[in-house]
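Here's the structure we're looking at; comments come further down.
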Amino acid sequence: MNGLKLNPRARAWLGFGLGAVVLFAAAPALLTDFRLSLLAKYLCFAIVAVGIGLAWGRGGLLTLGQGVFFGLGGYAMAMHLKLADAGEGNMPDFMELYGQLDELPAWWAPFANPVFALAATVLLPMLVAFGLGSLVFRRRVRGAYFAILSQALAAAMVILLIGQQGTTGGTNGLTDIEGFFGYDLDDPVNQRMVYFIIAGVLLALLALTRQLMHSRYGELLVAVRDSENRVRFLGYNPANVKLVAYVVAAGMAGLAGALFVPAVGIISPALIGIVPSIEFVIGVAVGGRAALLGPVLGAVAVAWAKTALSERFPGTWTYLQGAMFVLVVAFLPGGLASLWGMVKRRRETAAPLVPQADAPVLVKEAAA
Amino acid sequence: MTVILGQLFTGVSIGAVLLLIALGLALTFGQMNVINMAHGEFIMAGAYTTYVLQQTITDAGLSLLVALPIAFAVAGAMGVLLEWALIRRLYTRPLDTLLVTWGVSLMLQQLARDIFGAPNVQTKAPDILTESTSLGTDLSIANSRLFILGLVVLAVAALTAALKFTPLGRRIRAVVQNRDLAAVSGIPTARVDRLTFFIGSSLAGVAGVALTLLGPIGPTMGTNIIIDAFLVVVVGGIGQLKGSVIVAFVLGMLQAMVEYLTTLSVAKVIVFIAIVAFLQWRPQGLFTLRTRSLA
Amino acid sequence: MLRFHRRRLAACSVALAAALAVSACGSKTGESDTTGGVTADTSGDTVKVGLLNSLSGTMAISEVTVRDAIMLAVEEINAAGGVLGKKLAPVGEDGASDWPTFAEKAEKLIKVDRVAAVFGCWTSASRKAVKPVFEENKALLFYPVQYEGLEQSPYIFYTGATTNQQIVPGLDYLKAQGKKSVYLVGSDYVFPRTANKIIKAYAEANGLKVLGEDYAPLGSTEFGTIVNKVKASKAEAVFNTLNGDSNVAFFKEYKSAGLTAASMPVVSVSIAEEEVKSIGTQYLSGQLTAWNYYQTTTGAANDKFVKAYKAKFGADKPTSDPMEAAYVSVYLWKAMVEKAGSFDVEKVKGASNGVTFEAPEGLVTIDGATQHIHKTARIGKIGDDGLITEVWNSGGPVKPDPYLKGYPWATGLS
Amino acid sequence: MLRIEGVHAGYGRSTVLHGVDVTVDDGKVTAVLGHNGAGKSTLLRAAIGLLRPKQGMVLFGGEDVTKLAPHVRVARGMAYVPQGQQCFPHLTTAENLQLVADGRRGGRQALASALDLFPALNGLMRRRAGLLSGGQRQQLAIARALITRPKLLLLDEPTEGIQPNVVAEIEQAVLSLAGVDGLSVLLVEQHLGFALRAAHRYHVLESGRVTSSGAGGTGAEPAVRAALTV
Amino acid sequence: MSETAAGLRIRGLRVVFDGFVAVDGVDLDVEPGDIRFLIGPNGAGKTTLVDAVTGLVKATGSARFGEQELLGRDVHRIARLGVGRTFQTAALFEELTVLQNLDIAAGAGRSPWTMLRRRGAVPDDVAYALETIGLTDRRGVLAGTLAHGQKQWLEIGMLLVQNARLLLLDEPVAGMSHEEREATGELLGRVAGDRTVVVIEHDMDFLRRFADTVTVLHAGKVLSEGTVAQVQADPKVQEVYLGHASTHDTAHDEPVAQGAEA
């Protein structure tokens, strides 16, 4: 590896090129349609993970409510697709069945417009994140408080969705989605197309996130994570800095949710609640929260492991899953990505990599 | 009128249950800053302890009374094991405790499923606790709820007294206030941490015994209520019990009243909104320990 | 720091490629890519059948016993020589109480394992999630739980009760008992909400007053307020569509509030022997249930079923309606396959109408048009011994009517 | 009694002490002098075990205690009064003291004799320690340390930041303690007069290194002053 | 770099923690160009005073910088008014490089668009600051790996690029070697210019060499104020601070105001 001394920019291009080859050529060639559709699902989780990596790994915001934004994006997309499936002027099947509504609820109507729906998949989660974030960060609610609040948000959102069965599908969620902007999702060719879209979006978001991480804003975000007060004394409002990361992460989760719908054909409260929200974060922790690719790999690895383990050990896989979370988070806080860093550092002593959002105060002297 | 009184009592009893669960968290989260997601599984352990005891002690009343101390010990022992194996390595990373203990809670649920079977199990409550005490014409109060209320009052009193008047309580408070100074005063801080965690976890075991009177006993029984309990501690404020006590009852009341007027789903959502609004006003919770060193 | 990330970018890409390669290697064998339906693999000595239930998560409480009952049927059939001379090889998957996981696992059973049929699912949500998967791949699902009706998929056989085989008889029974008013309590999901709509329509047509309607989120264990409302309503009976854990908390609260089976009976449609066991008879004694089967149901077929079940899983394990329906579903599939003389899905479907089986609940017959089965409705009373004894039955199998087309009061419902 | 040998210590990546040797003889007072930031407090933190040396050894009564936890060192007979009049602010004065006496053989007696040294504390027993004045808190801190009946007392700037009338009392107490029952003292001080009067030996610490040492006593003051104002 | 010179004017500043009066009615005036040293024993309220002025702790009274009242504003708003501070223990972004630290300090007023792009060339003010604090050739290393003295200089550099007009330095030379102290003192001299500088310091040598004026705080109140010589000559100061050891035998007749005194 040492012989391979490329400049950073070339490395980045090489990395993206390699990623593109893997996602666009290798995976479709090697995997069956079923496995490819699973990969599409994992990549959706990976998109969520990229956002969490930014907000948590770089910004120190442990957001345990990404399911909410994933769900908002997913529902926005699914609402449009259900309306499109039903055809102009008709109501989605479940609504007639369970809602017994005479006409489409007013808040559904705009989603018939594809442009509105597509915009909503990203903007709606961002708007909610903006609202909650500006309330919460401004009042300096952080750390564990923020984590628990965001978790409670996920719980509240699930209850709200389930309670409005007639218009949201309740626990069932929105299922049986047949078409995707005119393409029949039953057709494996179209499923493949959805996969390619997801892979492309993932790569694009990685590029965007990389730019964000390496921008001045990215440096500032790390500064806020490590010493919020110091940043404040430099004249910045850390609340705004965090807000940007939180809102961007929410937008990514929303987009992921929107793409998940054509890939899997369902969006339901089961993807929004506390458990899926924690699983998103666990994937990031396993992969490596502060790295760019760590979250992606972690999310894919955790989702893949869940599938593989539960297929092979249907009765006992939860032990293995739990043990994996425990071991990696407790003993390898930098995630799998840090293994690489460790190997490197053993070779050439360099700076430590894994930052701690809650670094202990080392010197505790009395105040003067 | 009777309905309102009935709802008031319902609110109090919801608060009592919340508090019973939050009390342990007030120690482990509030004092030690550990976000223990496996707390719910310690509750489960307490409930299963009651179940196991009833296999040998068939008298419902006696087994319940015996279960209280044994569940205390069982859950406490699990807590100590968890602290020793994992948490002590994570004191500088409070957020990571959340993820690690969540993995632990997954494993404990599966363990319960493998030991006791996936279906819920039942325990027999003493007859008196399945009945109600009548107050006036229409108003009656469930004895099980009264029992839990009594248990909570007892637990809060005992915990407060223990923190205030016992050597261990002094040590726990000392370690929270100034860990280094405690260490150089000859206090084995690591052992105090473990004991604090023991007590916090033990209280979950006691809560588990009490919950057998109200709800199901199964592998996932702990997961439903745990977030609510964390919110109680968050809103109550770190480091002090009285905040959790007040907030538990206020939230219980709020939920009971809103639920009566609307539905349980709406009540839960409104409670959440109320919490966010409250934290706007007091971001550190109802009560905070302010010291100069925090400034 | 920056340099680090760039280097890792390349490294991680390699790792990603490796991960993909591994997952590819691990799964490629035996998978086929056919468009529009996957034919089951029946080439060998055995034929695979899929078992899709939640073994983890909140629904495991209920679904594990269903898995047990399916396994019992499969073993019995294998012991008796299998189906069309082929032994059944069960492939189990864990739906993990998560609807998208159900869909994923269903697809895996169909496409990777190429099973001849899948038995399982419990919640309506999981069924709704897998329905498109089965329809798209033209594969068979046998769904063993009573449900809200209003559905008819060409690739699903419904072996539990639809509404006119459980809810409507339950209401008929209340009416016959002279009850004039009822309070509705249910979990917040599809089945209770739909059931309650049907109940309200029925009530309006039959002079029954609905005094209130309350829903608790799934898994909710806080029933103080709901029971207060029920008590204050002074209804003559309660119709209970709560699911799972919530029943435990509800009945404990109910008893504590001083309400009894004598003063205000509760008719439940989701409490079977298994649930009785986990709630405790001290809270349930005398309450009513509406089902098609009880462990106490008389008949040689049931004696044999109960005996076999207890021998395999333990003398203290009760049998219940969903378990029986799941057990029956395997036998019905066997009968259909044998009638068709083929495992081919379309042929099996074609052979379904009129297939009968001497089930523990009595004779059941498949209605080919709706793919539901004719079942006898039974109202039972919970006894102190934890068993449910029949107090009323419909006299014979009731024809399934998932859309309630035969009930004039139900015209507005579907 | 105490031998600190070649200790390198610091926080995180920065090193504050660069190989310090300091010895405290039985029943004697040794003073460590130096500017703020020279590493005096760090030295004491390493001695009591709040900071693990990156290199070097701490020997107490001939035993290598370098790897022992602070509370074990206290059990061995070391006591430490940190800088800045630290106390447990939300505990009462009585609790601050009782805490240390708890479970200790002769703790009650030790508490009483510690209070004898600072009778002013008797009237403040029910007050929260956080509300005491600096001088009172320092008296409390020293009393607390004495309850463990130490053989060695590590004192970090006991008179800094304290109102003058209390300073005299504290100085008096420290002087009266030294040598009584064989108590040894390692005293960190900025104020030379007091330190040298009390000390048997002194070390001057600068930028993490011992730059000069000598016998104590007021006579040493000019030499030390010279050493400190280079 | 020159704006209207502004001075710091504090009136009746009072900070109370849970009943403990940390700063008890302090009046303080510092003129532009002045290097004011703030001294006093531990617990005298020096750092708390700086905390109050920079918005970190709540205080009553008044603290004006130029025309602007500082009390009651958010920390970052106070900072934007040109108030900068350093901390006892260097508070840098240790995971970022020297250059990145300075760049962030320089950037509070940047547009969102600039923020979202990478830093191209080193901005002039940052380059100037690097030169001033002598870290130009170390700009690429992580701040966490700097030597102690360099960290303090970087902090001062950050104040420079932040374009702070009022500098509040909390023990800038603590733990420094003799040479580093000298260098820091000279740096202060260069930096001061028309800025207003307040330095909390214990080191008397350093004070004598670099202070213009001195304020002595004791128990939350101003005990004495004036030139170095004036303060040194003040017997009250002698007693509480500069060497009670050598004046040990003088009578303790000083009335000490202690709210919590029994």
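Letters A, B, C, D and E mark the chains as written, and numbering starts fresh at 1 in each.
In this text, a residue touches a chain if its C-beta (ideal position, glycine included) is under 8 Å from a C-beta of that chain, and two chains touch if they have at least 3 such contacts.
From a predicted model like this one, the values you see are computed outputs, not experimental measurements.
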item	value
Graph distance between chain A and chain E, where chains that touch are linked	1
B-D compared against A-C, more contacting pairs	A-C
Far-end chain from chain B, centres as C-alpha averages	E
Whole-Å gap separating chain B and chain E, where each centre is the average of the chain's CA atoms	47
Distance between the centres, which are taken as Cα means, of chain C and chain B, whole angstrom	35
Centre distance in Å when chain C and chain D are each reduced to the mean of their C-alpha atoms	74
Whole-Å separation of chain centres (CA-atom averages), chain A against chain B	32
Chain C: positions in contact with at least two other chains	1, 55-56, 188, 215, 217
Multi-partner residues of chain B (at least 2 other chains)	109-110, 178, 180, 263, 265, 268, 291-292, 295
Touching two or more other chains - residues of chain D	12, 82-86, 130
Touching residues (chain side chain C, partner chain A) in the complex	1-17, 19-21, 23-24, 26-28, 31-33, 35-36, 55-56, 92-94, 96, 98-101, 103-105, 107-108, 111-112, 123-125, 128-129, 131-133, 136, 150, 188-190, 193-194, 197, 215, 217-218, 412-414
Residue ranges of chain D touching chain E (in the complex, touch as defined)	12-14, 16, 35-39, 83-85, 120, 123-124, 127, 130-134, 136, 157, 159-165, 167-168, 171, 191-195, 207, 229-230
Contact set on chain A toward chain C in their complex	8, 11-12, 14-15, 18-19, 22, 26-27, 30-35, 37-39, 41, 97-98, 100, 159, 162-163, 165, 170-173, 175-178, 186-188, 210, 213-214, 264-266, 268, 270-271, 275, 291-294, 296-297, 300-301, 304, 307-308, 310-311, 314-315, 317-318, 336-337, 340-341, 344, 350-351, 353
Complex contact set, residues of chain B against chain C	2-3, 6-7, 10, 13-14, 17, 109-110, 113, 117-125, 127, 130-132, 134, 138, 140, 142-145, 213-221, 223-225, 255-256, 259-260, 263-265, 268
Interface residues, chain C side, partner chain B - complex	55-58, 60-65, 188, 214-217, 219-222, 224-226, 228-229, 231-232, 244-245, 248-249, 252-253, 255-258, 274-275, 277-280, 282-283
